[in-house]
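Each of the next two complexes has subunit A plus one more chain, namely subunit B in the first and subunit C in the second.
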Partner chain A sequence: MREFNVALAAPEWILSATILVVLFQDARTRWDNKGGLGRTTWLGLLLATGCAMLQGWFVDTPATAFLGHYGVDGFSIVCKAIFGATALFVMAMADTWLKRVDRGHGEFRLLALMATLGMFFVCSVRDFAGLFVSLELITVSFYCLTAFKRNDERAIEAGIKYVVLGALATAFLLLGIAFIYGATESLWFHKIALTEASDGVGGNAALLEFGLLLTVLGLCFKIAAVPFQVWTPDVYEGAASPVTAFLSMGSKAAGFVLLLKVVRACLGPDGDAGIILATGAWAGLFALIAAATMLYGNLGALWQGNMKRLLGYSSIGHAGYVLMGVLAFNEAGFAAVVYYLMAYLFTVLGVFAVVIIVNGALRSHAITDYAGLGRKSPFLALVLTCGLLSLAGVPPMAGFFGKFLVFQAVVQLGTPVAYTVAFVGAAGVVVSMYYYLCVVKQLYMVEAPEGDTRLDGLVVAKPLKAVLWVCLIGIFVLGFLVQPFVAMAQDAAEALMAAR
Partner chain B sequence: MGWLGLVVLLSPLVACVRLFFRPEKNDNDKEAIRRLAIGHVTVSLVAAVLMWFFYKPDSDERWQFLIDVSWVETMNLSFRLGVDGIGVAMVLLTSLVIWAGCYVSCSIKDRVKEHYILLMALVVGVFGVFLSLDLFFFYFFYEMAVIPMFLLIGIWGSRAAKYSKEYATMKLTLYLTAGAVLALVGVLAIYSETGTFDIRALKAHEFSESFQIAWFPVIFLGFASIIPMWPFHSWSPIGHAAAPSSVSMLHAGVLMKLGAFAVLRIAYEALPDGASYWMGWVGVLCCMNIIYGGLVAMAQRDLKFIIGFSSSSHMGYVLLGLATMNTTGLAGAVFLMFAHGIMTALAFGLIGWFYEQTHTRVVDDLGGMLKKLPFIGTCFIIMAMASAGLPGFANFASELLVILGAWSSGGFALAGTDLVLPYWIPVIAAIWGIVISATYLLRAVKDTWLGPENPRWAELKDAQTKRQKAPFVALIVVLALTGCFPRLIVDTIKGGVRHLPALSKSVGDAEPVKGAER
Partner chain C sequence: MTVGHLITLSGVLFTIGMVGVMSRRNILIVLLSVELMLNAVALAFVGFGAWRGNLDGQIMVFFAITVAAAEVAVGLAMVIALFRLRLTVDTDRVSLLKD
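Here is the complex of A and B:
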């Protein structure tokens, strides 16, 4: 039974066990005594994340399990660390947020854990069946999480929108996988490049390309890229803030991990870009998606008066930047994507942590209500400012180096298409600077209205304070002391390219 | 001696971190914060002066005070610090201006801690640009300087005529960001050609001519928006006018020089052929800067707007110096950057002094203030004379060098056409520019300081303590010293300029006129 190598999937086993424990624990405790659930969740997530990271030292990578359907390599370990950290941060936010909600604590943690499990699987899948199942595990959990505030009309609307559009995207994805199976007679990623159809000649070539096209479009839903980006602002606005945070980081990153795997699979065994995707039309397609996504996100955000909608549009914009890294189709580009995701983790979660705290006091997400935060709570304003500037890509913040790597990967290509995308991206940076700075303006340059005491004496719970500090430090470390993280991202990209 | 550069750069950074953990509860705390900031910039100033003193312009070592710490090895990215003569002059300028600026901003009473933290962050960015020898860090510091500026103007600024400070600061930030990202694409294009971020390696690398011609405008336009070159200048006077005094000083005195410095350090260094292909057009645009900027300044009634537009007029001379592409013109351009930086910092500091008391800068409301403010008024008149090109001040010497450089350039070939702009057109424009600037400056002096006393200003207070006088005196002394003994700084600058690869490549470049080389 060596091939099954069951122990390799230890992080996933730990998460699954945690889910079961939470399930039973929830059934056995009274509604007003759910504190134990939080502790179990924390413990499970910490163990699973720690275990995944330890595999980097103690497992001889690349290793596979379950007859090769499950793989662990440098790429998957880095991605699992990202997802584990995301889940931990989101849990810290949820702890604060759940205090305002009187029921459903067990379900919330359960669903969040299941989504995390899906994200862990995403890192390790090696075939299209695994891709679909792990992705659906995430998506279905998020359908429920989005509509979690069941008394709130907007949450329900957001949930329904997410389900309907998600189902459409899933249909695309599934159809795509079916075409790929038809063309390659296999569900393995690595078989794509090995079949005859991949040479771009023969009857099956069109089938394969069409299948890949549909798959990529299906994944665009997860990463909130054109043409499946429309749900983003509405769902971000309607969902509870911790869910939005999880969605904007975890779900998006999962989409990108899978996209990278699919793109990598098309590049051929040696990553020589000799297969279908290397043809100009495909590079053009990705460039088009990236450019349209950046423009849509950044221009759409200009008119937003609601913080969460603004972050929704900005998250679309960022999907475009990460796609720039993908369209490079080489190791440098993939490393840039991984780095961008790491930087995005600290940045966007720091921003959402502040949003959750401020919303707890304001009960509103209007940007104008943030006026005077800089005077009333300097630390929160500082974290929010640094987070927003990092999103805008200002040094010495993390987002800057992420953008720098992505732009570098694209400009390195030296083709007219690449330059066009780079200039569109540059224009996007200027536009995004405007709307991020409008928020900063509210924080520092506009005073709170007389007699408005809602923001006075904000109390920040300890775990959330820890998140704020970690994010603040992370933003600066990933923007300046970049060497270890660049090395990590490059190792991950190298492992991805080496994957067979 | 490499550590000198590091001291210059790190001293304000350490101040930033120390200030972050300082309390700001009462007046004593505020005073302690001011002292801390002033102490740290003084350290930078001393280190910068030592750098100037120990820099060897005649040495074959082009880059001195080197520091090289590998940052991301796989990308050939290192934390490289070092300066040539141009860098030394700019570091000296920056440290002087921020030193004076820290004294001037002692008058700020609200959110003192945040003010100094941002001021220090800003100056770290500026020092970083002047000291970096690595494309990545060059850009890193360049962008870094923009955001503190946004907050400084937005929070502590004042209304500029019909524009709110928020409008002014947003406009400034967006212009600078747009320029910066445009330049970033160009910088990355250079990197993908050379494979290293080392600026020292640019000169040796042979870029193909088509590459140079294609990418020079991208990089140049990106950086030129901060110079500010006409027609991308409109952010600058509004930004000056809306900013608080110390920020105006730094903004006009130093930040505008970043653009010209970046052009010299990156565009000229890597793309000399591109430069000689395109710079003829800059010879045309700079005339617009000089004449148009000067005429607009004549029409202004707000003192800060007058100085703001005069800045963009004077920066036209710098552009002209850049366009000449010979030693005289380029050295003149850098010298003018230095001189104009000191002069305009002085101007904004002085305007800030009485604006705090009068709450108006419109010349029609002022008048006859010399009686009440003899010290400030005298300084202002000296500043105006220097700015108008009175011999004996650095501005005269540097503008003269620029004009001589333009004279000996032999004309400016306009790329894409067969036309050659004769050398005498920019020269005449430059000389007329001096006349125009004398007009508006003398008028400003007359309307503000002379004439009948306005009873509204009977209560004005002059600078009395040493702390209040020190920044102005120091700036005037430097201006006069480098004006009377230009060699003090020109030798340093020439030590850097003579190594530039773009020298003497402009069309029809004649032998420099005898005597122009001093």
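Here is the complex of A and C:
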């Protein structure tokens, strides 16, 4: 426990080294010769992800480093694989997108790598100082990425909205950490359960509960849940599409990983609902947040004519579904969250890959402009359709099984609150079916206007084509060959519950 | 002076900052209010640390200061970019993105 063990953090070391190499390489190459940066980024990301996954076989987990502040266990390895895959997919999208941008290639890759480094640290943190710093590494990188197109008024507006709301949420999160620190006398996650056990319900319980409440609210910003969800559609619309894709998967998943860690820290040592979470008020609070988030996201998406705004509202809705898995406060719920995130990875990134390709030709995100894509580019339309159906939760796709596990975990609780939130979730799924199918209808049933040749002969770059295929296959594999992936998610949840 | 005084002061400063963020329309004032909120939290950390006789709180203050500086630096950079494009720093006049 109490040793440095620096080699354990090899994935993070590799990413940090890649960041430095990209920094120097960017300074030493001419503006028209930035191809090497892309190769370095790819190499670094592949090595770091591979290294993180190899730790699953070669490291005797759970292991800790840096005097116990950094930990590797089954949960962190699965999460790092998810984040590594996200970063690789996003980099493939960015390669295509950066060809349309004449400057700032180095900065873009650097910021994306830093956000990925933050996501890797998020998986391994074991105290609130690490939580705060790694989360802010992600957030500040994303502020810059959002406003990356600095001559575009929409991007700057999105960036400013993101910074102001993000800083507000950061303040809430930090105040929450301060109160937890006041109650537990330390910044360790595992001290929460110890304080609960020794103080019972009196003493510092009020401080601790207030701190936890503020911390959860602060994390709601990252996962785009009520009450900190208002930025989502605006930022999704204003930011460049690869950034939006990264936000919708990476940033959201990082928030959920931390939320799971905090909730786990409040559970008793045997994984039973600890004194605070057992009071029922907390299940009610999470249920309220989840229900409000699902309603806001799914109802808001109904009258959107812009594809990225639609995906923004849909992303809020999905945060609500995943929160249902969190509020189960047990291993089944946590496994459902991990599986949902795996399914969401392939689904949402597949959708965004198509959005980026189509936007490259259209220069617009209006859903009406997608008319006729089914005839002009059947493969892209197929990937988009499968992605949207998977988001909606139609049976043979990955998204269905994610939703199934989440609903199962909640219904098994058997409390009135659980049934209510499951009912709201089911209503949300029905509503979401409508707006996803409206887009699908646009692809196949509506013809492009006469003389609109913007979608003719779309050329898809090789890395992006690979992303499309991997996402398409992933959507079906996680829908049909469910067992190995559910087992993986369950192992991760088990490791999370065993964490000390 | 007890820990209660410090936490109350921190809470008051935090609330002033929050009201500022919610009600002001000038982005510079909004960023200033955010800074006030983060520094109020830093005070709470020091207060709790002194009460508990524990140094972790003071260490967190360093992180808080660093992160607050990074956030405000990025925020000010965006304000400059916005001013170049629109010649305004008023949030009411920046509303291209809406439903």
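One rule holds in what follows: the second predicted complex is superposed on the first by the 492 of 500 C-alpha atoms of A that agree within 3 Å, B and C clash if a C-alpha of one lies under 4 Å from a C-alpha of the other, contacts with A are read in each partner's own complex, and residues count from 1 in each chain.
We take it that a contact is a pair of C-beta atoms (placed from the backbone, for glycine too) under 8 Å apart; a residue touches a chain by one contact, two chains touch by 3 or more.
Keep in mind the model is a prediction, meaning the values are calculated, not measured.
Of the two partner chains placed around the shared chain by superposition, subunit C is the only one that A:157 touches, whereas subunit B remains out of contact.
Put simply, more of the residues of subunit A are touched by C, taking subunit B and subunit C as the two choices. By the touch criterion defined above, A:450 lies against neither subunit B nor subunit C after alignment on the C-alpha atoms of chain A. In the superposed model, A:60 lies in contact with neither subunit B nor subunit C. In the superposed model, A:419 lies in contact with subunit B only, and not with subunit C.
In the superposition on chain A, A:32 contacts neither subunit B nor subunit C.
In the superposition on chain A, A:102 makes contact with neither subunit B nor subunit C. Of the two partner chains, neither subunit B nor subunit C is touched by A:3. Against subunit A, in their complex, subunit B makes its touches with residues 71-75, 114, 136, 139-141, 143-144, 146-147, 150-151, 154-155, 165-166, 170, 173-174, 177-178, 181-182, 184-185, 188-189, 191-192.
Looking at the complex, you find that subunit A touches subunit B at residues 378, 389, 394-396, 400, 404, 407-408, 411-412, 414, 419, 422-423, 426-427, 429-430, 433-434, 437-438, 440-441, 444-445, 482-483, 486-487, 490.
Only residues 7, 14, 17-18, 21, 27, 30-31, 34, 37-38, 40-41, 44-45, 47-49, 51-52, 54, 56-57, 59-60, 63-64, 67, 70-72, 74-75, 78-79, 81-82, 85-86, 91, 94-99 of subunit C touch subunit A when the two sit together in their complex.
Of all the residues in subunit A, the ones that touch subunit C in their complex are 128-129, 132-133, 136, 139-140, 143-144, 147, 150-151, 153-154, 156-161, 163-164, 166-168, 170-171, 174-175, 177-179, 181-182, 185-187, 233-234, 237-238, 300, 303-304, 309.
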